[in-house]
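In what follows, subunit A forms one complex with subunit B and a second complex with subunit C.
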Partner chain A sequence: MARRALFYVGLVLLLLAVLFPLYWVVVTSFKTTRDAFAIPPVWLFSPTLDNYRTVFANRGFLSAFANSFTISILSSALAVAIGSIAAYGLAQQPAELRRSKEKFILSLRIAPALLFVIPIYYLATRIGALNKHWLLIAAYAFVNVPFAISLLITFFDDIPKELRDAARVDGAREFRVFWHIYLPAARGGIVATLILCVLFTWNEFFVALVLTGRDTQTLPVSITSFLTFQGIQWGALTAAATLIMLPMIVLGVLVQGQIVRGMTLGSVKG
Partner chain B sequence: MSTVATASDPTRHFFQPVIVCLTVASVALTLFVIWISLHDLSLMRAGREKFIGLDNYLRFLGDPRAMAALWRTVLFTTLATVIEIALGLAVVLFLDRDFAMKRLVRTLLLVPIIMTPVVVGLTWRFLFDPATGMANYLLSLVGIAQVDWLGSPRIALFAVLIADIWQWTPFVILLVMAALESAPTDPLNAARVDGAREWQVTWYVLLPMLRRALAIVALIRAIDSIKAFDLFYIMTRGGPALSTETLNYYGYIVAFTNFDISYSLAVAIILTIFTNVALLTMYSVLFPKTGDR
Partner chain C sequence: MAQLSIRSVSKSYGAVQVLDDVSVEVEEGSFVVLLGPSGCGKSTLLHAIAGLNPIDSGTIVIGDRNVTKLPARDRDVAMVFQSYALYPTMTVAQNIAFPLKMRGLDRRTSDEKVAGVARLLQIEPLMSRLPRELSGGQRQRVAIGRALVRDPRLFLFDEPLSNLDAALRTELRAEIKRLHQSIRRTMVYVTHDQTEALTLADKIVVLKAGKIEQTGTPLSLYDDPDNAFVAGFIGTPRMNFLKATVADDGKALLAGEARVDITHLATRLENGRAVTLGIRPEHLDEKDGVTLSLSVDVTEHLGSTSYVHGALASGESVVAERREDQPGFGETITLRFQSTRARVFDGEGSRIR
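Entry: the complex of A and B
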């Protein structure tokens, strides 16, 4: 009995350690400046939406929201479209060929982002593409395609080979098999891959920091503008932080089973 | 290379264009990057670059700031990987039993992993605020004097390390937990029947079964820690007094503060080589050829 109680004490401490920082940020975003910096901290307070008003009055933040939304959806859709075609082809190959291609794809993920971001930045300044959305969509699609391929292969592997063989005997061309059998059968996996790509792109900072201009700033870059030389506006900052992470936490919980599987294939954090 | 039979296999057309594109892009980028690193291209004086051979690499060897950053990267990566694995494994063993809400705990552990890294950095910067932060308040409750977490060159790197541990230990936990659950329970029970004590079962039976999962997650964490950027940028910007500048961060500064493109690419190439050597070493230690697994 005592052991059991001890276990639950430990469990509560673990969850506190994991969740308290998040809780504290969200709670601070509903506090007035005075409550936010009170020592000892105020645990009960009358909530205010002032910080959210400040954030929504900030035009830069709103356009960053739109940019993040457009860039992550379009680049992920592109990556999944390309990735699913390639993954279908690879899934049908003999093990040896397939393993060598998969190894190559994984090896692309080891290089630091610096290595490809600097040349892209340099070329983009040359052709004046630095402030264009397509540059980021293309860059993120390039980053996400290898990831999408590796993850989608694992989903296509779950589809029984007999389905394909039967369709081929009936005279279906490969593309028909892909389109009418594999895509519908792996629908859940494709949605999960898409969500994971969106999640990574939305959260990504380094590539965005270098390749975005004034009109294409994404949320993680935009939020750093609250870190001014005059000091940090913690109220607005915590409200903005809450708005940035909340959609991703919702999406993440939706595909929770796939997240660890996806991240094992190499995270896209840059 | 390819036989006629496989060449006519239509499924090849599905992946080959993509693989060819990725290959061409990565080879072209690599050659371009090496080529630039052999010049003295700088955005500060565009159009007047010339070939300087290996000078950028020699400059790296004689650059105390780069060497310090390389050493710091090694320190940070080692500490982050070892602590996250040890702590994660401890939690997995602790949670290895049936209890109510296990699914919920698993979902909650996911939260730090999917949190935007920039937000994680901000959160910890907030908690580590010397005057009003929660960390110092908690320390004051137990009578410990205030710590200047991010302002002291001796402590700042460890403050960033704490944030990294907070974000990524749950990843280790979830991955190892999944491995543990798919592991067979028969050997454990057999050992118990043979009279092994519980710690012996854990040490001699359970841990060897988890070895593969632990090795994989250690490799992943090492790769990501070497490349860590977001937390450093948000929490310390490499400061104070360069005390948290890692090699990746230094490369960024050289490229986008000094606009010294060639030298920054030399730094990036050295970082890549260093990463690969470290990974191959780790790989051969973690997956020895003679081992049966």
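Entry: the complex of A and C
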């Protein structure tokens, strides 16, 4: 009984630590500047949409939203497309052949982004690609591919090997086995991987800071424009932050269900 | 003409030789069973025929084509797997139509063929279901349908009944037999279950550790085994093996108190040679002949007959069929057999004829 109580107390503390900052951001975005800085803090106040008006009036923010959207969706789709083919190939290999390749892929995931960003920046300046969307799409796809491979391999491994044998005897070439059998069977895993890649790309700051130009700025970079020399516009900043979080919270809820579904779908015996 | 010729096929995984110079000829329209304990290489051989496993050396000929180097899709074979291997995201109809789709058949012909197979296997009501909504027996029926639909040159079965319960296994076994009789296509069937082998096969190939032990009709393997392995593997309960020595200038064997006449053997054996005498449980219930006395441990009643497990005076354990009476624990009974029923094996287990 006491252990149970302790468990729930711990849970509440943990939830507070995680959720309170989020709550504060969202609440601040509806406050006037005076309420936002009131000491002691005001808990009850009359909400205002002024901050959101400021944000939506900001051209830079809107185009950053569009940039983030395009770049994260396209780069994730590219990463999953490449990753799923690679993962399929790896999943079909005998364990001893696979291991070294999987280690290499893991090492790519561990390597800091800095390692890739500097050479990419150098190359991009030389070919004049710094202010182009495709540069970011390619860079993020590159960063996401190792992640996509290692996640998708687990989904493909759950699919019985006999399915490939059966399809090959039935007359399918390797790509059609992948396309007609493995891809549909791992659908849940594919969607989950795609969403996780989008989440990562959407939130990513460092690569974006280095590689984006004026026209390609993504949200995490653009939001820094509210940190001005005249001071930080807390109201607008928190409103922007809330707007950035919103789609990802929706996706986060989706990904939970998809990952669970993906796992169970894979384990269903043919 | 042979429909399938396997000529000196060998294959090893690292240091393990899984197939060692295996040669099999399969006649057109016949039903051949590859039989052996697990790990004997029978599934590897089947996968090699299908083109799923490359072989190290040897030749595989299907019809008049050397397919050794051809990929599975070009070999014109169909395969049924132990795990059914139905495509989980496709309906039954889509599963059966898949091989036709891969061969680019037009939709109408494909639909007709699928409907024909469904009628033959009586799975019409299941056509729009997904594999996970089917029972094991239904799944295997669908898998057989997927193999049938293409009308291939050669059917391969990889332990198709092993995942089913006993009643269903018997039912589907009979169905496969019926199917073979009605379509008269060449079938190669892998199993470790000798009952399946004996009931289905025109010809059985017994494998052990990657080598062929014997090839022959079910009856010839049962009556006339080449070695102690085949003799022991075919037949339930398995053949009894007794230690024996040659006596009387090679005219008889002494096994415990029994004296077995071997004048019918073509080979003359020297006195004192140690051999093994094999005698099947069903041959130990004769009215007269050589006698052995058995002290009974357990009697299994199977309704129409009984099997008695016990030990001879020498300590060797023996199983004997008993049709008339059912002796209980501790009783001593007399077993009788005709000496022509005895099979003689040398020290290596090879048959002495």
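Keep in mind that, in the parts below, the second predicted complex is superposed on the first by the 246 of 270 C-alpha atoms of A that agree within 3 Å, B and C clash if a C-alpha of one lies under 4 Å from a C-alpha of the other, contacts with A are read in each partner's own complex, and residues count from 1 in each chain.
By our rule, a residue touches a chain if its C-beta (ideal position, glycine included) is under 8 Å from a C-beta of that chain, and two chains touch if they have at least 3 such contacts.
Not measured: the values here are computed from a predicted model.
Colleague: Quick one: on subunit A, after the overlay, do subunit B and subunit C clash, or do they fit? Just give me the call.
Modeller: When both complexes are placed onto subunit A, subunit B and subunit C end up side by side without any clash.
Colleague: With subunit A's C-alpha centre as vertex, what's the angle to subunit B and subunit C, nearest 10 degrees?
Modeller: 90
Colleague: Any idea whether subunit B or subunit C touches more of subunit A?
Modeller: Of subunit B and subunit C, B contacts more residues of subunit A.
Colleague: After superposition on the shared chain, which partner residues are touched by A:L237: those of subunit B (first), subunit C (second), both, or neither?
Modeller: A:L237 sits against subunit B, while subunit C stays out of touch.
Colleague: Does the superposition put A:F156 against subunit B (first), subunit C (second), both, or neither?
Modeller: It touches nothing on subunit B or subunit C.
Colleague: So in the superposed three-chain picture, is A:D165 touching just subunit B, just subunit C, both, or none of them (first/second/both/neither)?
Modeller: Second partner only, subunit C.
Colleague: Touching A:R173, do we find subunit B (first), subunit C (second), both, or neither?
Modeller: It touches subunit B and subunit C both.
Colleague: Would you check which partner chain A:L15 touches, where first means subunit B only, second means subunit C only, and both and neither mean what they say?
Modeller: Only subunit B; A:L15 stays clear of subunit C.
Colleague: Of the two partner chains, subunit B (first) and subunit C (second), which one does A:R187 touch, if any: first, second, both, or neither?
Modeller: second
Colleague: Of the partners subunit B and subunit C, which touch A:L209 in the superposed model: first, second, both, neither?
Modeller: It touches subunit B, and subunit C stays clear.
Colleague: Once both structures are overlaid on their shared chain, how near does any Cα of subunit B get to a Cα of subunit C? Whole angstrom is fine.
Modeller: After superposing on chain A, subunit B and subunit C come no closer than 6 Å at C-alpha.
Colleague: Of all the subunit A residues, which ones make contact with subunit B and with subunit C?
Modeller: In subunit A, residues 173, 269-270 are touched by subunit B and also by subunit C.
Colleague: Please name which positions on subunit A make contact with subunit C in the complex.
Modeller: Residue list for subunit A touching subunit C: 160, 162-163, 165-173, 176, 180-181, 184-185, 187, 265, 268-270.
Colleague: Provide the residue numbers of subunit B that touch subunit A in the complex, in ascending order.
Modeller: Listed in rising order, the residues of subunit B that touch subunit A are 6, 9-19, 22-23, 25-26, 29, 32-33, 36, 41, 43, 91, 94-95, 97, 99, 105-120, 122-127, 131-132, 134, 137, 166, 170-171, 174-175, 178, 216-217, 220, 223-224, 226-227, 229-230, 233-234, 248, 251-252, 255-256, 261, 264-265, 267-269, 271-272, 275-276, 279.
Colleague: Inside the complex, what are the residues of subunit A that reach subunit B?
Modeller: The touching residues are 7-8, 10-11, 14-15, 17-19, 21-22, 24-25, 28, 36-37, 39-41, 82-83, 85-90, 92-94, 97, 101, 104-105, 108-116, 118-119, 121-122, 125, 142, 145-146, 149, 173-174, 178, 199, 202-203, 205-206, 209-210, 219-220, 223-224, 227, 232, 234, 237-238, 241, 244-245, 248-249, 251-253, 256, 259-260, 263-264, 266-267, 269-270.
Colleague: How about subunit C: which of its residues touch subunit A in the complex?
Modeller: 47, 50-52, 71-73, 75, 77-79, 81-90, 98-99, 102-103, 131-132, 146, 150, 156
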